[in-house]
Amino acid sequence: MNVCIVGASGYAGQQLVSLLLLHPEVDKLFLMASSTAGARYSDLNPAFKGRVDDTLLPAADLIETNFVKENAIGAVFLALPHGASMPYAQHLIENEPDVGIIDLGADFRIHDVKEYEKWYGDHTCPEYLDRFVYGLPEFNKDQIVGSKTIGNPGCYPTSILLAMLPALKAGVVETDRIVADSKSGMSGAGKTAAVASLFTEVAETVRPYKTGKHRHTAEIAQEMAIAAGGKVGLLFSPSIVPMSRGIESTVYAAVKPEKLEWAKASILDYYKEFYKDAPFVRVLDSQPETRNVRGSNFCDVWVTIDEETSTLVAMGVIDNLVKGASGQAVHNFNLMFGFEETAGLKMMALYP
Amino acid sequence: MNVCIVGASGYAGQQLVSLLLLHPEVDKLFLMASSTAGARYSDLNPAFKGRVDDTLLPAADLIETNFVKENAIGAVFLALPHGASMPYAQHLIENEPDVGIIDLGADFRIHDVKEYEKWYGDHTCPEYLDRFVYGLPEFNKDQIVGSKTIGNPGCYPTSILLAMLPALKAGVVETDRIVADSKSGMSGAGKTAAVASLFTEVAETVRPYKTGKHRHTAEIAQEMAIAAGGKVGLLFSPSIVPMSRGIESTVYAAVKPEKLEWAKASILDYYKEFYKDAPFVRVLDSQPETRNVRGSNFCDVWVTIDEETSTLVAMGVIDNLVKGASGQAVHNFNLMFGFEETAGLKMMALYP
Amino acid sequence: MNVCIVGASGYAGQQLVSLLLLHPEVDKLFLMASSTAGARYSDLNPAFKGRVDDTLLPAADLIETNFVKENAIGAVFLALPHGASMPYAQHLIENEPDVGIIDLGADFRIHDVKEYEKWYGDHTCPEYLDRFVYGLPEFNKDQIVGSKTIGNPGCYPTSILLAMLPALKAGVVETDRIVADSKSGMSGAGKTAAVASLFTEVAETVRPYKTGKHRHTAEIAQEMAIAAGGKVGLLFSPSIVPMSRGIESTVYAAVKPEKLEWAKASILDYYKEFYKDAPFVRVLDSQPETRNVRGSNFCDVWVTIDEETSTLVAMGVIDNLVKGASGQAVHNFNLMFGFEETAGLKMMALYP
Amino acid sequence: MNVCIVGASGYAGQQLVSLLLLHPEVDKLFLMASSTAGARYSDLNPAFKGRVDDTLLPAADLIETNFVKENAIGAVFLALPHGASMPYAQHLIENEPDVGIIDLGADFRIHDVKEYEKWYGDHTCPEYLDRFVYGLPEFNKDQIVGSKTIGNPGCYPTSILLAMLPALKAGVVETDRIVADSKSGMSGAGKTAAVASLFTEVAETVRPYKTGKHRHTAEIAQEMAIAAGGKVGLLFSPSIVPMSRGIESTVYAAVKPEKLEWAKASILDYYKEFYKDAPFVRVLDSQPETRNVRGSNFCDVWVTIDEETSTLVAMGVIDNLVKGASGQAVHNFNLMFGFEETAGLKMMALYP
């Protein structure tokens, strides 16, 4: 299959190029960008020298020309800043109904346009929000298989939801005060020049930010509510730590008194059973670490009940650029087109 | 004043040497060690070459010889692994009643011997536990001023207690489920060879550990209970992040419904007023970062109320080797002997 | 083909496991260790959980039992500390002549036993030194293709030799004073507990060490002499820098006066031509960086002539665990058995 | 004495503020900036909250108003980008002859205006170049003591010159090919937003740059020529490594045959004797590391003769923001005004 990536020069974009270059079902890869169009890809990302020396095509071609048909594109990945995917998605839906669309941004993750606009600003094609499936394969696999339009989950949400949704589905915890404390590497901030992202500003610091005010709150709360069968109270507090890749999320919630005995005895086994067929979730017997998933598509999960306070503690670790972005996008691509589920995603963590 | 440090070659010990070398009231510094006795200090810690080239004295001399009187020692700092301070402290209490003792370990922080032994093992002189003051100057200054025996707080506890005690004193939060999520650099693990502490094992990872089972739980819960006027339910969950120095602690607790309006309007101002005379606590208007206190004795604190979940979120950041260990020990030393409160502790953060 | 790795739990070993797991020609992987035999592989290296949960076999089985024949082993990789490969290699040479042996240690890299013993200590089977091919495929491909016994190059030597051998072959530089200044990440020191390798001792430092006295000097000088057609004077000065993977080597040598004009005009083109068929060497137009090869098998090379001092400056960067160890071993394995040269080695750098 | 810092918000500027705040001879500190004038200093540099909450004054006031006299300013430190100091220095020289000027930029380091303009562009007041003393106290102390105008050395030059000048003064080495290979942390690049300086672009990489073309070449070669008594051939090759502070420079030069025996026997002792009265240079018996000087004003130096190649290898390590910039500026300030030489500079390295 021929595949197109729009936004190939950012961190998520280049991770996607790396993965799709080795994907057994991908024939030809077309790389597009807006501000960097015209540049040689390997000049922007010298790691690709000798392998991807193509010139970046202008993203506008996707809309303004007959590009998709001429190049027999089967799928388009949109790896763009939040808000920038809408016109491409809209064009493809309206003109190229057979093309699979996987949006790595937030534009099509939130089903309720009011909730979207509260956090992100105007949406230019809200009529298509319902058409998009939230691409978390461990929970929505059936819908993904039958869809051509996927809103790929955010990085923080992936780590939090995979840790917490099984507990919510089981009705084990109170849902009025779920606290998610996440620690993230810097690559989530993208390849954008900013003083706050300088090496000298990030090394040797822990930087909590946007506590209770981060935009991913909308997406996490939406999916938690679906699993819990009703609105949840979510407090999401992320921190930047001095590393490039990786997110560790710890989620705290009060155990319902009537579920306490069951949870103490069985919660970890329940999680293991829950994920037994999920090729990329590993339920561990001990606390997880981000280095064990770095560069891989795994999410390592752990859960326990703190007896002193009757609190459920669930942890999830991912590589934010792989399972938290491009790897999960490839997973969705595989499901959408009936490829082997783990095709192109079999690599282990790069460690140390 | 002549001063003696027992355990001068570890990370807390050498930080103490750095601080006391420049302290205006310290005349002569005597350095002791057990396993490294006989070595030249600057061979073990080459940063001190040309300034501290003394040979480390055997710590046993403190007990077995007339060392204290012969050298007119006024104060002894014990910077030893947990459990190792007891014999030195006992000897000094029983034989050198005029000498000030500041223990940087955990041996004399816990007032209840059963609680101590639950977490740390046998205590060989429990009869002296009550004599020690918990050396958190922002809360116990009056007692410290009149004491010769100080149990210097742990690093995690310092960051958590300074963030949370004002709220507990004000009776703003429910106390049955207080969650403290801390992120720490590696120097807290000390200068001990271990695979898990290798650069290659710590770089590019977040490593949560001992959730609900860390020994500092005892000390934090003890001080929280004093402030709250009754037992608290505490869940403490620390993580290692890839840096050398610094701890960021975020503490979550439910606001009492009857205090919610007051807390939303006034909590930050209350904290500012609370700490207005504390020279080393800075209550910030925005979220704190560890780099702003690195190498200094400051604790930066921030507090907010999350309206969505009616949760109080309090954050504290410190340098674990300064405010979390040796700087706080010097602060206690200053108070104990009536020196200027900030003597030897005026340095700003080393940044970047 | 069934393959066996002896020493699978160290850093080079686990990198080899990662690569061979995805290698299209490898059927079954047998993992052996000495001190960690009996442990579950994924307990030692949790990154492999769910993929490699085998128990580590005792390495002695390779010698003491009929292991090779019973399991139809076609190749054995020895990823052991220097000096430990000899008995396994000797046994296999004498008893299993059809098995390919690739030694990642130094035991069979040096052809002259006196030179070996000067740097490494006694050699127990010097009669086999000549049988081993120095496995640097860019220079010794023909010999590797016809051999069953490969001494895989060291990490520093790979980066230095690929940068400098073309110049030496061309006779461009004086050979009495070749200076190689290398900067390396910490993973080269292995997964061994040592205070000097702690995160807290390596972060935020540059640590030059063993200037003029590093054991890799022997191997580098040997291969340089072959290329230059006579003994060379080599000064090798390595430094540790605060990262896990990667080596950058800068090599300085005086340009011969009679070659100066040619070198100024043509040296970079000559290098490009020299390596035009080498799939893993990329000659760049600008200075290389280690991050562009991290996790990949590439060596990026650059060369220039400093006109002010008539000095040739050649740079080579590699991932020390891939091109500097396990990736190069797989490359040799591919050549030895006539597999596609890049099989199992097509991955791009993991960046950022 | 009242002191003014122009350019107080950059990395060198804030290091200077930290040092002068604790300097026993400084009464009042006035902070100026151009683009950040009007901002509260502690808003730009939150590490200073509670200690330096002043508003940054407009740098233009120094020229356009009667600022110096009105505030009884005794010394002005210029911590500005290269090229920006000239108008301030010119104004002060012409109107405030009693004020001491210490320029931390390159504007007044090069004595030959042609050489200056070759590397840096136009100079607007070349007539004052000769008046400035190159502020390397270990070599120019007498001139500094009698001067009011100091060009403070660059960071790379400080580390290279302190390592190499004694050998050049002794006439031990050939001077036609001196190679200086330096490894630096990122803070040398300043607090400027640039993609190449992002955490994600600098972590886990070694990045050699501007080999043979770095502007510091002019300054290093100038001072080497003075010491050697004639022009030298210098090849300077710097690399960025993943840390914030610190430079390690290794300098290689051929030993003159007639000096070889002496050098082998005596070079280290000669260096120790040479620097015996220099309070900030420590000649070590083993290779130096940047962490031992981090945050201090020390330069640790080591020298050896490689017998294999008859090469002198000299190493120098500094903290680029202290001994390589602001600490050295304070040292010059102390000498200029007859203060204790180490006043304000007694701190040990912050380690780990």
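Read from first to last, the chains carry the letters A, B, C and D; within each, the first residue is number 1.
The criterion applied here is as follows: a residue touches a chain if its C-beta (ideal position, glycine included) is under 8 Å from a C-beta of that chain, and two chains touch if they have at least 3 such contacts.
Note that the structure is predicted; figures quoted are calculated from it, not measured.
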Review point. So which chain is farthest from chain B, going by the mean of the CA atoms in each chain?
Key: C
Revision key, fill the gap. Check: interface with higher C-beta contact count, A-B vs B-D, is A-B
Study note, to complete from the structure: Per the C-alpha means, the centres of chain A and chain B lie apart by a whole-Å value of 39
Point to revise | Inter-chain centre distance, chain A versus chain D - centres from mean C-alpha coordinates, in Å | key: 46
Exercise for review: Express in whole angstrom the distance between the two chain centres, defined as the mean CA positions of chain B and chain D.
Suggested key: 37
**Study point:** Per-residue overlap in chain D, given as positions that touch at least 2 other chains
**Key:** 11, 185, 187, 200-201, 203-204, 242-245, 289, 291, 294, 352
Check your understanding: For chain B, which residues count as touching chain D in their complex?
Key -> 11, 14, 17-18, 21-22, 45-51, 187, 203-204, 244-245, 282, 284, 289, 291-296, 298, 300, 346-352
**Study point:** In the complex with chain C, residue positions of chain D that touch it
**Key:** 176-179, 181, 183, 185, 200-201, 203-209, 211-212, 233-235, 237, 239, 241-248, 250, 252, 254, 287-291, 294, 304, 306-311, 313, 315, 317, 352
Exercise for review: Give every residue of chain B touching chain C within the complex, in rising order.
Suggested key: 11, 185-187, 189, 191-195, 197-204, 242-244
